[in-house]
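You will see chain A twice below: alongside chain B first, and alongside chain C after that.
Up next, the complex of A and B:
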């Protein structure tokens, strides 16, 4: 299955977490791409608060966050 | 008056969140030669809010400068907030603000009306503070910025450092926290309108009333809570004073809804900078959830005064403060120095 991917690279906070919130309303499972640590940490807090599973992979300073309803 | 430009859209980071981190700053300043002058009573050494220079046996000059990019969309309100924030450093020293100069960066996207409105807000706050505006400097810049350079005066025995708290002192805070998360959420349209309105009101409220009341009591130390957050400024006060500051999280005034915004990760970048800088010196009770801790690292724009009051005067001071500032609260105390600069209890 192809996950919907939200590209939030190049965006400053709070944009990445806002896009994540919007995606969460539409999809049970999706991925977010970000390029800064602050966005990763903010999205991690969002997932924790909403009871979502989060997997983070890093490559060359870019992060892929896979998010799924538990 | 309404203008069409949304000021925050012209800025990359907002308000005191734009401040260079405390750790970065001391590394940058580290190699520079420091010249001594016996009349300089407060300089770089203690990261205080303003410098203090003795002019005569009964007069010191207190100087500060502060400016930042827009934290709100309306130019007039931004002018008020930036000026209130700059003037606050003078009040945090227990001094009276007297002379102010505009520091202004005008963006090509601002029309004349927006610039006039911005300055009108700044002038209004300077006058309310008892200062006069004597000039300034304006340059072109992609990102607008505004603030003031302020000079104030005090008696040499009657100004307040940020590094002179004593064990037993009661710590008081005069504005609620949560300004950083609330304004961050507002940029995304996710802040509760009433909470945001409160945040704006607090940001443009001068710390003059709190200062005037504080000076009638025995106070040992004071600072204002701004970009480095309660815990950053708290660490500076604790370490400069050689004490440990114990805070009770449940007593700390907080904007409504701020905790839920923090839980949802609507945290400004400055929060992470402040955390990285201060957290090795802070012990927070593990019973405190992460979001509650985050709020104590949330950068405040034009935040309140953190006052270390002598124990015998603290209750009367709080009562007097509450007369005009109902949310002012006793949030903890200074104790003899232990392992940590700041200890946060539930």
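Up next, the complex of A and C:
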């Protein structure tokens, strides 16, 4: 299945989380691309607070976060 | 609760270090103040000629270098930049105009409340109002667009340059200006100031401590992580100042502060709004500079130039209150921030 993908690479705090929040309102399942650990941690905290399932994969310093409603 | 441990301990360390630095000689409720200290550095480097605020504050050097050491150790020294640098420079200057209207950055605002200065509570209300303006913008698609990876050398220019300036100041102090009276003449010993800066720099890098982020994330995401650090600083400075016999509640006669509520409110509102657009408070900009973020480095340069302009043109407040020129400058600052907000609202398409 092709997930909707949000490209948040290079964006400053807290834009990746803002985009994640907006995507969460539109989609049950989606992916976010980020390129720094702070963004990963911030989105992970967002998912934890909302009870969302999160899988993170890293490749060459870039991260793909797949998020789904539990 | 475990996730809060690091940020709360960092807040406690910042609060304790701030109280100790004031006991060792820093001005009242000014253990740390990023705005005041950048202004003092601008004065020490003779970028402005206000004789009472000239001193090369080692705390700032410590914060940036501490953050750099922590970032290198954690493999997080990843230089990046290119996200609207000229806009960030302007926002940094506007934030400084607001901070010098109030007489403090968001961190000093918390330290002032922790010393019983009720003017800073008025500032906090303005700060929160400014943050709400910024959050409104973020929710409507405000973005300074993306940054890109840069080389290690590029990311090192500002932290290393600051360290070299500090070494030059140590070996050739005659080149620099030193206040003989006023806040710039009040300072903790160099080593203590440097050590406190290094400690806080390391901790703030690890925990991402940010004064504007606390209220912003609580409003935007109901996330209280950063706000916990903010609260810890306040709690420890209240207790520390009480223990040191320096806790004095009131509006009048507070150290390096004035009692004009309207302008304390507006000054910090400008700081809050500008800082949300920048992605972090002045402290966070210093920490990110240490991580090799040149956008934050440009912001810090904007703050330094803004501070020099404030003192060269009589915009900064003093204990006597704000100046007319300062009030006009805060008005211009709001106009600048508003135009930047409106012109950087991005049309966001649906996810691809």
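To be clear about the criterion, the second predicted complex is superposed on the first by the 70 of 70 C-alpha atoms of A that agree within 3 Å, B and C clash if a C-alpha of one lies under 4 Å from a C-alpha of the other, contacts with A are read in each partner's own complex, and residues count from 1 in each chain.
Note that a residue touches a chain if its C-beta (ideal position, glycine included) is under 8 Å from a C-beta of that chain, and two chains touch if they have at least 3 such contacts.
What you see is a predicted model, and the numbers here were worked out from it, not measured in a lab.
Set side by side, chain B and chain C differ in how many residues of chain A they touch, and the one touching more is C. In the superposed model, A:30 makes contact with chain C only, not with chain B.
When both complexes are overlaid on chain A, the residue A:4 reaches chain C alone and has no touch with chain B. Of the two partner chains placed by superposition, chain B and chain C are both touched by A:12.
Judged by the touch definition given at the top, the superposed model places A:57 against neither chain B nor chain C. Contacts of A:21 after superposition on the shared chain: both chain B and chain C are touched. By the touch criterion stated above, A:43 is placed in contact with chain B alone, chain C being left untouched. Shared contact residues of chain A with chain B and chain C: 12-15, 17-18, 21, 37-38, 41, 45-46, 49. Contacts from chain A toward chain C in the complex involve residues 4-7, 9-15, 17-19, 21-23, 26-27, 30, 35-38, 41, 45-46, 49, 61.
On the side of chain C, the complex with chain A involves touching residues 3, 76, 78, 80, 83, 138-139, 143-149, 208, 213, 216-217, 220-223, 225, 278-280, 295, 348, 350-352. Taken in their complex, chain A has these residues touching chain B: 12-15, 17-18, 21, 37-38, 41-46, 48-50. Those residues of chain B whose C-beta lies close enough to touch chain A in the complex are 12-13, 184-185, 187-188, 190, 262-269, 272, 290-291, 294.
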